[in-house]
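Okay, so subunit A shows up in both of these, paired with subunit B first and subunit C after.
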Partner chain A sequence: MTTATPSPTSATPALLRPVFPRRPSRNRVVISLARHLSLLLVLVVVLYPLLWMAGASVRPSNEAFGTLGLWPSNFTLENYATGWSYGSLNFSRYFVNSLVISVLCIIGNVVSCSLAAYAFARLEFPFKRVMFALMLGTLLLPYHVTLVPQYVLFNNLAWINTILPLTVPKFLATDAFFIFLMVQFIRTLPRELDDAARLDGCGHVGIFRRVILPLSLPALGTTALFTFIRTWDDFLGPLLYLNDPAKWTVTQGLNGFLDATGESAFGPLFAMATLSLAPIVGFFLVAQKLLIEGIATSGLK
Partner chain B sequence: MTTKDSRLTGAGVRRRGDRTSVLPDVDDLTDPGSSHGRRASGQARREALAAYGFLTPWLAGMLLLTLGPMAYSLYLSFTRYNLLTPPEWQGLANYQRMLVDPRFKASVGVTLEYVAVAVPLILIVSMLVAMVLNQGIRFLPFYRASFYLPSLVGASVAISMLWRTMFGGDGVFNAFLARLGIEGQSWIGNPDTALYSLVALSVWTFGAPMIIFLAGLRQVPKELYEAAMVDGAGPLRRFFSITLPTLTPLIFFNVLLTTVNAFQAFTPAYVISNGNGGPLDSTLFYTLYLYQRGFTQLEMGYASAMAWALTVVLGLFTAFMFATARFWVYYGDER
Partner chain C sequence: MMSPHTRPRRRALGLVAGAATFTLVLTACSGGTRVGETTQESAAPEASGAEAGLGDVEGTLRIAYWGSGPRVDLTNGVSDLFVAENPGVTVEPESADFAAYFERLNVQGSSGNLPCVPQMQGRQLASYATQGALMDLDPLIESGAITVPDIPEEVIDTGRGPDGGLYFIPYGAAYDAVEINATLAEQAGVGLPEEGYTWEDFGEYITEAQGSLPEGIAAANLGGGLPNYFIAWTQARGEEMFEDDQIAFSEETLAEFWTFWEDLRNAGATSTAQQRAEEPPQTEQRYVAQGKVMLDSVPGNALTPGQATLSGLAPGQELTTVAMPSGEGGSGNVLFTSGWAISANCDNVPTAAAFIDFWANNDEAAALFASNNGGVTNTRHLQQQLDNPELPALKKHELELYQQVIEAKPPTVSYPAGYQANFETAFNRAYETVSLGGTSPEDAAAAFIAEVNAAFGAQ
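Now for the complex of A and B:
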């Protein structure tokens, strides 16, 4: 399967086979080689920055950061120890804060978006088309148009400097993307299962809990994963709502680190930056496997 | 009523009491005797009630956090408001101010240049890589996952910081150029190149559209290419006659999404420029300027007007895309 040779299969009339003589096969080797080389080049460009950062985080601070190499000559974990509580920074606190916010956002999105998705995918009700169009419309809506008034609202509720502005909206299904994702998924589930559950005496809540939710685990997993990544990476939200350094998230901690030191403490800075990405990369590697298994077991193409 | 109804409906047996019975049963009056009609409407009503139950969180969010705030920000855009004193009506003053505000114009220019350069680059790179990956390449899952990774982390503070260091005066990029005998500069510090380091960052995250293109390419029937080859079509001809038309729905989707996202980029510009959009406003993204006006200078009215201007522009762009789609998006009607 290394080359996409249009093999003269049975679909090709036998007479035409000589149209593909032996000579192009040498070209094909060259083309195949070129393909692999170009992919490897892209791979280097894509992975180099990430690997370089990880390398810089375990390099002694006195080694210049203009070094091209990835692996440090003197491996050290000193940067991690220094960065974890650099100056007035407190990364254990930031990680806990980020984790709490992320977990709450995941719960909120999974619950509220799956509820809405079930209604859109399975139930008939007045104004369904209008509401669905409205929901799709918010997918493309720039978030800035609600940024200022939401800030005013949360300010009036005295929610500034709490995690409520970052988490409560998730319980109200404001991430339309995940509703859409789950609607698309639920639509692929056979309706006969709903009917069978109904005959067994299940109402809509029962069907949702016992049939739809268990079968939608892949979509729920995707929602949870993307919610985690977005929340963990989010910078503008915490920047607006969390001013008290004790409530900062990891992204704010990093930004504060950069503000406080410029580039003078880049070793510890990169150590913390690497740590901040570790959960995302880790979850991605795990989920990548789950995804492939899910595709293999469900027989989806 | 409950027992009769459930006996009649059969399929719609409910274990709990019939909630709809508290409502006036209009259909009983208009359509007496027809058990079928009553069954259908009774069920429909219960289903509608259940649906609104399931939709309650979403509806509350829609009203309280989206539609309400949108209306309120439209109102604020006609006022002067600093969060401390009540909004003061100003008519169109905020919108008129945009036309003469040099930093506003600068931010529009920066954003348009960024979108115009980054979006086509992302799309071309993602399509090219997807096409190479679609040639039955070995280790496809590995390549696909690796290329997708930057899309997940590209908007983070960590990567923005990394970029700032890599493209700084003493950065790795210059060290690389020095190997090639090229003298570098501070790409972040130079107003002429700072924006292009952000473009490079966005192109680095080509993985998401690539995954979508790849999924589309795998749907193209192989027989089409074989037939075209039999007819003597070369690689270029095959690309323009088969691959490109089949991909147009995905191109449409990716252009729309990548553009809308590019207009809203914020974190990289904020981190790379210390939040000020420098040097010389060369990385002053529209969103960054909006943030400065609204949340640093507490000019909530002006910020709201800017937000609405952006919304209108993106709405027009979306409408334009959908209006022109029928001329260039191919949905394979013969299937």
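Now for the complex of A and C:
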């Protein structure tokens, strides 16, 4: 086809050349440039609030809301210094607390949801379909419905003011979304591999450990990432169950800067909020390859 | 061939057993708290005759309050003073921002796990008091467990629930004020409204100022959706807000209030309805603190943080506060008090009572807290703070205005259960149907009153 479309420059003098060629360019570089440019434009729009927050975090606190621009005229790192241990707040501790809870939740979700998913995808047992439907049904329950009963339950277990209400449920495969995600993924794995493993003497545990788990890495990575983001961002859970300031998480610490009935400290708030995003971005960069594979192969939308 | 199910089943059993053990171990060594387990039994012995709330001041006391940063330090500082005076007591504080605080308190309340001493405000009180979640404190005052000689009667009364029982002892009283950018008002040649000004004067003041303000700055922030403006409007007319858990003001009163604001808005003397709808609630983000409007109604203690923001954005401009407009019916200024309650599931009532008594009477504690959550209700403490030469000028102004409000014998508004949920949000929404949707104030007022009364009736 290259012969049929001479490049416009060779056929017309430069002055007469239309600004937009009538036919879309076939030049790969041009196409790719245009695509990247439009993606970059979208990215700027999407990132603007984040960049604004980062910009506001290096402005003096009382100028935080003064401008829509990104670059601070009075650059200062004071917000970071004051925010880290503002008043009775102690972000070293909150970051550790959040991290401990997040790691436990990730372990819990990855282990328990993959086991449950294996059962639904590969085992035959009575009422399997009904139970699968029930499991999916829990996705439709708004959390408001279970909030109070859960609190009563954990209170009766004497778990208030511990991280147990936030972590133990994850070890019991309560996140239906991730079970579903992994069921879908495991179903795409060829059963022949299971059969081959069985011939080699593997039971279900062996098949799960030696065949399914290694092949499900993308789904596990997706589960880990989403669990991390959800747990790291969770505010209501810690608010209800962690009352002792020494056990607060980062989100509670951030809330500690705000007070609708008194003084709020927005500069330090933005500084700490910017910092609190770092682990999420870091985790995403590390798990990105797995995540994209997980989305591509499980049909997750 | 071996059945494929045998081995996994055995392992599965092992797994279940393992999980069960794990849970048991966790429960055993969790060291968590379980409060409220003795709700029914422990609630019984309190409030019995002359000894109500008297006893050994010792053990652990769970308290909860809203606030952030500086207020957390100050509140915990007062707790430390209390502990120093009462060795053997441990205070466990729980704090969160105002909205988050009540979100958590709701869940705790419905689970019978309220902190022993939760902080309360009049607007939320009824929701808890009518559910039997709080203790009536009158017997504790009679027995002398809590003494309040220096808190005016009308201020104490703001802690009463719909049934007349006293459910919290106010330690701080906030009032709403009209915050005015004095620099802009000076430039516009209108100065400040005179003491005792009426709503009519207020409207004229705004209109007059708008004539000479710089382009792009509105004289007033649109206030038709602000319940606290409306409370001042009804009080100035001598009308009641609520009676028997229903709305007591008339449709005309509300329609005239909205017409007042609509006239100003249509004359271009206020911010637009769109601007008002997107204004964030935090003090520092309000338009008046940003220098975008000349005046707005804010809580009295918003002056200091508002000025700090304005100084950063428009150096040299000064904010001040004046009382709300009044009228023939009386002062338009009501108090929004915050105070300490005792929950019905509290199992350490003597210590809780001593803690509240400490807040109400201890000079050192009051000096430390320095009216951080509304003006201190103890009049002796108020005078001490006003006499303190180190009191910052803006705080002094805030407290002087508070004293002026108190001297005018502010009316008490008793809020029905569900006020915050049913009235406050619906009020702003109803006004938006007028300002944004074009409904007439009369229709909107009728619809609003019917809707809110139905919601109150369903409580």
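Here is the rule we go by: the second predicted complex is superposed on the first by the 227 of 301 C-alpha atoms of A that agree within 3 Å, B and C clash if a C-alpha of one lies under 4 Å from a C-alpha of the other, contacts with A are read in each partner's own complex, and residues count from 1 in each chain.
Here is the rule we go by: a residue touches a chain if its C-beta (ideal position, glycine included) is under 8 Å from a C-beta of that chain, and two chains touch if they have at least 3 such contacts.
Source: prediction; values computed, not measured.
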| item | value |
| --- | --- |
| Partner chain(s) touched by A:A260 [first = subunit B, second = subunit C, both, neither] | second |
| A:D244 touches, of subunit B and subunit C: first, second, both or neither? | second |
| Partner chain in contact with A:P142 - subunit B first, subunit C second, else both or neither | first |
| Which of subunit B and subunit C A:L89 touches, first, second, both or neither | second |
| Subunit B versus subunit C as contact partner of A:F270, first or second or both or neither | first |
| First, second, both or neither for A:Y151, with subunit B first and subunit C second | both |
| Which of subunit B and subunit C A:I160 touches, first, second, both or neither | second |
| First (subunit B), second (subunit C), both or neither touched by A:I229 | first |
| Contacts of A:T76 with subunit B and subunit C, given as first, second, both or neither | neither |
| Doubly contacted subunit A residues - partners subunit C and subunit B | 64-66, 147-148, 151-152, 155, 171-172, 198, 203-205, 235-236, 240, 255, 258-259, 263, 266 |
| Residue ranges of subunit B touching subunit A (in the complex, touch as defined) | 11-16, 44, 47-48, 50-52, 54-58, 60-62, 64-66, 68-70, 72-73, 76, 83, 129, 132-133, 135-138, 141, 143, 145-147, 149-150, 152-153, 155-159, 161-163, 165-166, 168, 170-172, 174-176, 179, 204, 207, 223, 225-226, 229-230, 256, 260, 263-264, 266-267, 270-271, 274, 287, 290-291, 294-295, 300, 303-304, 306-308, 310-311, 314, 318 |
| For the subunit A and subunit B complex, residues of the former touching the latter | 1-4, 6, 9, 11-13, 16, 19, 35-36, 38-39, 42-43, 45-47, 49-50, 52-53, 64-68, 111-113, 115-116, 118-119, 123-126, 128, 131, 134-135, 138, 140-153, 155, 169, 171-174, 179, 195, 198-199, 201, 203-205, 208, 229, 233, 235-236, 240, 251, 254-255, 258-259, 263, 266, 269-270, 273-274, 276-277, 280-281, 284, 288, 292 |
| Parts of subunit A lying in touch with subunit C, wherever the complex brings them together | 60-66, 86-89, 147-148, 151-152, 155-162, 164, 168, 171-172, 198, 203-205, 235-236, 239-240, 243-245, 252, 255-266 |
| Subunit A-touching residues of subunit C, taken from the complex the two chains share | 4, 7-8, 11, 19, 22-23, 26-27, 30-37, 64, 66-73, 76, 92-100, 103-104, 107-108, 110-113, 174, 281-285, 290, 299, 301, 304-305, 308-309, 311-313, 372-373 |
